[in-house]
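Naming follows writing order (A, B and C), and every chain is counted from residue 1.
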Amino acid sequence: MDLVALLAIQVLYAIASLALISVGLAIIFGMMRVINLAHGEFLMLGGYAAIVATNNGVNIWLSMLVVAPIVVGLIGVVVERTIIRFLYGRMIDTMLATWGLSLFLVGLTTAIFGNTTVGISAPLGSFQIGAYRTSAYTLFVIAVAAVVLAAIFAVMRWTRLGLIARGTMQNANMAAALGVNPPRVYAITFGVGAALSGLAGAVLAPVSGVFPTIGVAYVAKSFITVIGGGAAILTGTVSASALFGTINQIATFVTTPVFGEVALLGAAIVLIRLLPQGITGRFFRRGL
Amino acid sequence: MNGRALNLLGLGLVAVIGIAFLVLIPRLFELDVVLELTVYMIMAILALSLALIWGYGGILCFGQSAFFGLGAYTYAIAVFNIGESTIPLLLAIVLPAAFAALLGYFMFYGRISDVYLGVITLTVTLILFNSVNSTAGPEFRIGSARLGGFNGIPGIPPLNFPGNKASPIDLEGMFYLATISLLATYFGLRLLLASRFGRIIVGIRENERRAELLGYDPRAYKLATFTIGGALAGFAGCLFANWGNFVSPTIFGLAQSAQIIIWVIVGGRGTLIGPIVGCIGIQWLTTALGANQPSGGPDWWAKIFANAPLILGIILIAFVLLVPKGLVPTLGDLGQWLLSSRGKRAKTRLEPKRAEEG
Amino acid sequence: MTEPLLQTRDLSMHFGGVRAVRHVDFSLAEGELRCLIGPNGAGKSTFFKMLTGQLQPTHGHILFRGQEISYAHAHEIARLGIGIKTQVPSVFDGLSVRENIWLAANRIHSRAQTKRVVDEMLERVGLTEAAERLVGQLAHGQRQWVELGLVLATDPQLILLDEPAAGMTHEEVHKTAELVREINRTKALIVVEHDMQFIRMIAKQVTVFNQGSVLVEDTVESIMRNPQVRDIYLGKQAAA
């Protein structure tokens, strides 16, 4: 019974961390049709921002939940203004340019921070489930994911910005015709997506540590999640995270983490073969 | 026809330069230079594999290093188990090709669009990287070969002359093998592209819907192209594992995949000579920048110039924004910088035209 | 009664809530030339896309010489002998005119034959002079001819032409009409067109589409006199 509870928490954690690392990418892809291959590096920068701030005396919660998203969000806006905006409508070129950006950021952080892992210890300690101990931080990550998703839902559902976002998702030209200013929407969207990635990277930094190439560990999973989820940002991310997180964690539990990853890939390829438009291309079409 | 004459002239030029290179290099340079050039030749074969898939087939493959790495690992594992290198070499071609065919089947028959194709191939590569990276424990072994995880597999036995285990190919022999393989690949692909098959895949790249309405099945042609590209990359991987007698998971890494893309972008899609020049140029550039650090120079020099990701990232962004087609002037400049021979410069300028003639 | 070349039964295509084509029963005899007319959005292009496998019908059947092709792939239908010239010329822009025609002819001919067929086709569509030029650099009218050449070079039994005279000069329209009549000596055609002058030059039998359904089917003369047709479509055209 304790084991079941433990497994349940771990599955939930796998789902939450997948959703967390994917949601920034999902927003940028869903609204702008931009596939940001520097996404993993945005997560990495979030981790560094949190660690540098903490080491300079900023409260750790403040560093993770406020400093990191703001720093990476600003970087996102700069990237959108200097690179992405020249490439709208050229999806493949955007992918290539953001890939270049990804390499550049890896190189830059290596030059500044060196090629070693830095970390901050996870706050909150651990707690007991029967015979097992598990980190209380796990629950915090799950909570952050829940809050982020709820916040996106609220913004999309009830604010003007959300309405514009949904309109742009449905039809960019139509939104433009209605007097929405797409360049500004795009810059804000890219910034918000980057900020959420920064938040995710910061929140996960105590778990994994941070090093310049950590983006690689995230980027594959987040792409699988976003593509598996399809065009609807929220329902897509949640449903794909739930599916892949469960498969990954159960396979990991039964065998090894390596097989967990392979199972994740296998599931993703089969899913994309069956549903090229992603889960929300077929189900939950009216989702946000 | 003028185009045809130019075509033949170009082919002749490549052949002459190739043979001169093959004969002269080992006589003119020390072994370390020959060794360095050998890896350029191997990588150029890898560049050609993507030049075919992407440049001519229009298939956006961001994971060409998956086939490259698979070829290298297949050779390493097989040669440890078998000893004689002929079958491992063949396996290192067949296995990546089969993997490409399987992946290609899923993608093309699933009607997955361009952009997703890029993401999926990239993802596959990264998962391979993560998987192989975490096989460090002694329990991960295939037959008598230990996978070694992030430590890689050292001491891979070299290729031997077919059927004769006692006569391995030495370092100079590797140079000849790699250079001849590159020339054979180049001319083989030219032949392929001039064939019925080659013309059809270019047609599909140009307008897939029209090709379909004429009665060609684009899925089958793309699958075949992708499989050939996978086989070529696997072959290059096998040579690479031989070259260093070593293979590690970084071969699947993002940096490796990015490099191949950069070679083709810089050199130009839709040409064969472009990616070769792009590959050799970029490799030379990163090596030279890293190695030629002035003694007693400032600390930041190494941090910036010996920093391959930083340099490659800037090159990729700059080319996408400023010369998205791998423009010929850039190529000409690069060629001018790299090679003093006038003939080679003219050749790079003519290539795009000839390629379309193909 | 002989079997029709092409037949559709209760053919329908819905896009979400929009019914682009509704319950169309259409029949074309061997060797027939039929014109399709109707206002924009009447479902003509969608109908063509279903016939060529570019769209899968929501329900209903398409029979080509009695063979069910409703859910076949586009390339399979092409191989059965249906060719289409699309509304916006769909050609290989990055290749030369000769290479374009070559790709088409090559599918059904041997290597040696292909060369001969390509030369003949270049002559027939009047592009021998421009054979080595890139199609992407040609004027719109010439690109139309390239596409026609492509379609003819695959030697289809049924040819669908979507607005072949659009964007052509008066002279080119005459030339096109002549070519269509010539093609019709050996092949069946369905032609979508707005230009009534052009239709008068080529057609005997005309089918009128309106709001996704077949409104009426009759000879060209009767259609021109039909007040219903006039109301929905011809009014402004005939006056112009």
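Note that contacts are C-beta pairs under 8 Å (C-beta built on N, C-alpha and C of every residue); 3 or more make two chains touch, one makes a residue touch a chain.
Predicted model, so just to flag it, every value in this text is computed and none were measured.
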Among line, ring, star, complete and other, the chain contact graph is line
Result of counting contacting C-beta pairs for A-B and B-C, higher pair
A-B
Separation of chain A from chain C, taking each centre as the mean of its C-alpha atoms, in whole Å:
49
Rounded to the nearest whole Å, what is the centre-to-centre distance of chain B and chain C, using the mean of the C-alpha atoms as each centre?
45
Centroid of chain A to centroid of chain B, CA atoms only: how many Å?
32
Note the residues in chain A that touch 2 or more other chains, in rising order.
none
Quick check on the complex: what are the chain A residues that touch chain B?
35, 37, 83, 86-87, 91-93, 95-97, 99-108, 110-111, 213, 216-217, 219-220, 223-224, 227, 257-258, 261-262, 264-265, 268-269, 272-273, 276
Interface residues, chain B side, partner chain C - complex:
3, 196, 199-200, 202-203, 206-207, 209-218, 356
In the complex with chain B, residue positions of chain C that touch it:
52, 54, 73-75, 78-79, 83-84, 86, 90-95, 99, 102-104, 106-108, 111, 132, 150, 154
Chain A partner contacts - residues on chain B that touch it in the complex:
60, 62, 106, 110-116, 118-120, 122-124, 126-127, 129-131, 134-135, 253-255, 258, 261, 265, 300, 303-304, 307-318, 320-321, 324
